[in-house]
Amino acid sequence: MTPLQTCLLVSALLFAIGFAGAVTRRHAILVLIGIELMLNAANLNFIAFWRFGPHPEALTGIMFVLFSMALAGAEAAVGLALVIAIYRHKKTSNLDEVKDLKG
Amino acid sequence: MSSFFIITGVVTLLGAAFAMSLRNLVHCALAMAIAFSGVAALYLQLAAQFVGFAEILVYVGAIAILIVFAILLTRSGEAPEQSVLTSGWLAGIAVSALVFTVLGWAVLNSSAIPRQTSPAPVVTVKNIGDALMTKFVLPLEIIGLVLTIALIGAVLIALKEGSQSKADDEGLKMKKPSSSPSIPGSQFSTGGRP
Amino acid sequence: MFNSLDQIFVTALHWLVSFVPEALRPLASSLVCIAFILSVFPGVFAITTIFERKGIGRIQNRYGPNRVGIPFTKIRLCGFGQFIPDGIKSLTKEDIVPRAADKIVHFLAPVVMLIPVMLAYAVLPFGKNMSVTDYDAGLLFFFAVGGAVELSVFMAGWSSRNKYSLLGAMRAIAQMVSYEIPLILSAVTVVMIVGSLNLSEIVKHQNQYTFGIAHWFVFTPWGLAGFILFFIASLAESNRTPFDLPEAESEIIAGYFTEYSGFKFALFFLGEYLGMFAIIGLGITLFLGGWTSPVSFLTWIPSYVWFLSKLMAIVFVFIWIRATLPRLRMDQLMNFAWKFMLPLALINILVAGIWHYLGADWQRWPVCAAIIFGAYAVLGRGLMHNQKLGKRIYRYAE
Amino acid sequence: MLGEQIIKGMAVTARNFFGSYVSKERLTTVQYPEEHLVPKENTRQFPFLVYDGDDWEKGLRCVACQICEKECPPKCIYIVKSKDKKPDYKGQPQLYPLTFDIDISVCMSCQICVEVCPFESIKMDTKFELSTGDRFGGLLISKDKLAKSNGYYQRIHPQDAADSDAVIAAEKAKAEAKAKAAAEAKAKAATAAMAAPPAAAPAPPANPGQKS
């Protein structure tokens, strides 16, 4: 197994764990954590391909990861604001109970 | 691939697994911080120093803090009595296992993956800065715009809106402290949840 | 001769490392460096606690501790032996964990506090050729590990299951997050002028002399403003008075470490002081020329002596401020960070750009000074005339 | 201007800092084990028993009347009366305490024993360094340690001691006058008896242990 394959396997497992958490847990914040883990798995892929790829001097992988981090920050801020707003309306952050369209 | 890389990877995956499986949400958030630190260590071993430090700064320093704040604000600091899993959790586990199987099969059998290992590229902060200011200047500006919009949007969403939220406040104030066997002294128990 | 005295620690390190086989040398070198940091800075911490108690005593017209000297003798050393019984006392005290506490998190919090604080020393240049690692992105590393301290504060506050601990932790995190922004923004000006995140590079840039006076950044308009901003923000980051709301004794007992005792309390105490030294060390490196001497005829004094004396001088100013100013209120704290420090830091970045753009011309001095002074005056007036600094209005309690 | 007052405050504390090294009168701290504050006239810590003369056993003013024992709010005084009597300063035969113990771990320094004592024999001390390593025996102070001379009392509370000395002197003078009167009456009776032997009535028994 080459180093690149190890990296990709770690990232695939990280993605699978994040995905499993995001679809199986009830709590909205945990779903957000799962999404963050999936994003990190993707970032790890970018870095691994940049490191072992044919053109590391192009810096595309690093740039992608930096921008995705900034987006993850924005996503976390908006997502948590939504969780707090939902909690204020429904007094719950359990996703199974937040399924009707009428507020 | 050094053994140190393997250890870091195992720590990262364990952190992620705990983050997704523990009952107490605060423990989940702390395990998530461990997973993020592990990812940062992996970046450092992949010669991406700047990204690794930025990962710690953004994820451990900001997002983990944001998440624990949200946990406390939604009063979910204690493990709930009922199940923490959704109704269709078995299907979810199955799908994610399937995803991992497919990805793993693809990784191990793909012919597109380069077999030889190149020496670690040297990237200075100056390189990254130059690239950000020349080739990637448009994405940088767009990211700036997106972050500003996200900032304003998050503030607007979380802001208390008018009379309705005032009524909510009253409701929160009137609500009696929980009579369920929550631990004394804990202000953020879930006891009062409907 | 002076040069060899200056490089004595570097020479000693090379000499020590030469005893181990070739393959293990990087490891041995880093171990020696770790041992050096672990022995020097807790020692500085011990001395500082005595300085603090004695200094505050003198400011309040008391003697302060003046009894304990060398053990088993009558020599008193003006009380500078006080840290030995203090240390023995706090390390041998009973370790009490609340029954309701989250045992694992409660145990881990002081450790998690100390690790990033210790890591931050890795990039600080203590003297000429004396930084442990010379990361290209050293400044980013410093701020990244500094961000992890907040998590330990939250762990301590949450796991204690005590409302004072939780309140203290929330206050601490809110304060640290708010003041980290002016802290980083004021450091950005230096990065802009030097063009590097490497701390050794930043020091090298300040190690030049015109008319015998060093090119420290604090001697420029933007550097002075940046240094003052950095100084105030580092006071807040290290939870010192007047920003000691997280551990306000008169309001919330001891903040996030209310439920800690014995060894763990000592670790928190140590971590807090080491964090203070680290952030002061960064401020010295960025604005006060690091290990360089202020005037060219004093360059024969060893570089680490300069670094340590600057460190102790700023620590003394911290103590002086602690003995002078009262604690801020929470809303005042937030107003000060967001309505005064943040705009001023942003204007300071602009001024640094103007300074760089105007080149070596003499006109840049009055221009930059005027912009900064004008911004300071306007923002200060706005802050002082703000209603929030007046009487507090309570929304719910009548 | 923002920050002006901060600088003023810093100047004040700096002045205090340097001033405390220059002028000693700024420092109000008393370096305790080496220096002692002069106790105030009315300082009271813990009772002691006053004796006159040089021998504390002979001169003890206490007559074991047990009023203080009964009045003591926390009941920290323990007295055992003697079986025999010995003469007091007036020359009258009086009881004396065989045991007089005060438990200082219980005493609350209220001075009620001093107020109620009719014989000026129990007074308040100013000594406060009473700590001991022995929790039980060391805190129970017995008669021999409680007895302090009148000279000591005059030294620690000059005003009060003068007052109580005056009271005692007055008592003594009264007793002397009484004794003198009695003696005179006796002498008169004796001369009268001498003059008229048949009318020799025995004089009322005067104080047998007349001292003066």
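Chains: A, B, C and D, in written order; residue numbering restarts at 1 for each.
The criterion applied here is as follows: a residue touches a chain if its C-beta (ideal position, glycine included) is under 8 Å from a C-beta of that chain, and two chains touch if they have at least 3 such contacts.
These numbers come from a predicted model, not from an experiment.
Under the contact definition stated at the top, no chain borders both chain C and chain D.
The distance from the centre of chain A to the centre of chain D, each centre being the mean of the chain's C-alpha atoms, comes to 85 Å. Each chain gets a centre from the mean of its Cα atoms; for chain A and chain C, those two points are 34 Å apart. Chain C has its Cα centroid 29 Å from the Cα centroid of chain B. If each chain is reduced to the centroid of its CA atoms, chain B and chain D end up 78 Å from each other.
Within chain D, contacts with two or more other chains are made by no residue at all.
Because contacts link the chains only in sequence, without closing, their graph is best described as a line. The complete set of chain-chain contacts reads A-B, B-C, C-D. In the complex of the two chains, the chain B residues touching chain C come out as 26-27, 30, 33, 37, 49-50, 53-54, 56-57, 60-62, 64-65, 68-69, 72, 77, 124-126, 173, 183-188. Across the interface of their complex, chain D is touched by residues 55, 58-63, 320-321, 323-325, 340, 376-377, 379-381, 383-384 of chain C. Residues of chain A touching chain B in their complex: 1-10, 12-21, 23-27, 29-30, 32-34, 36-37, 40, 43-44, 47-48, 50-54, 56-57, 59, 61-63, 65-67, 69-78, 80-85, 87-89, 91-93, 95-96. The touching residues of chain C, when paired with chain B in their complex, are 100, 105, 135-137, 140-141, 143-148, 150-151, 154-155, 158, 161-163, 166, 170, 173, 177, 180, 195-198, 396. Against chain C, in their complex, chain D makes its touches with residues 1-3, 6, 9-10, 12-14, 16-17, 19-21, 26-29, 31.
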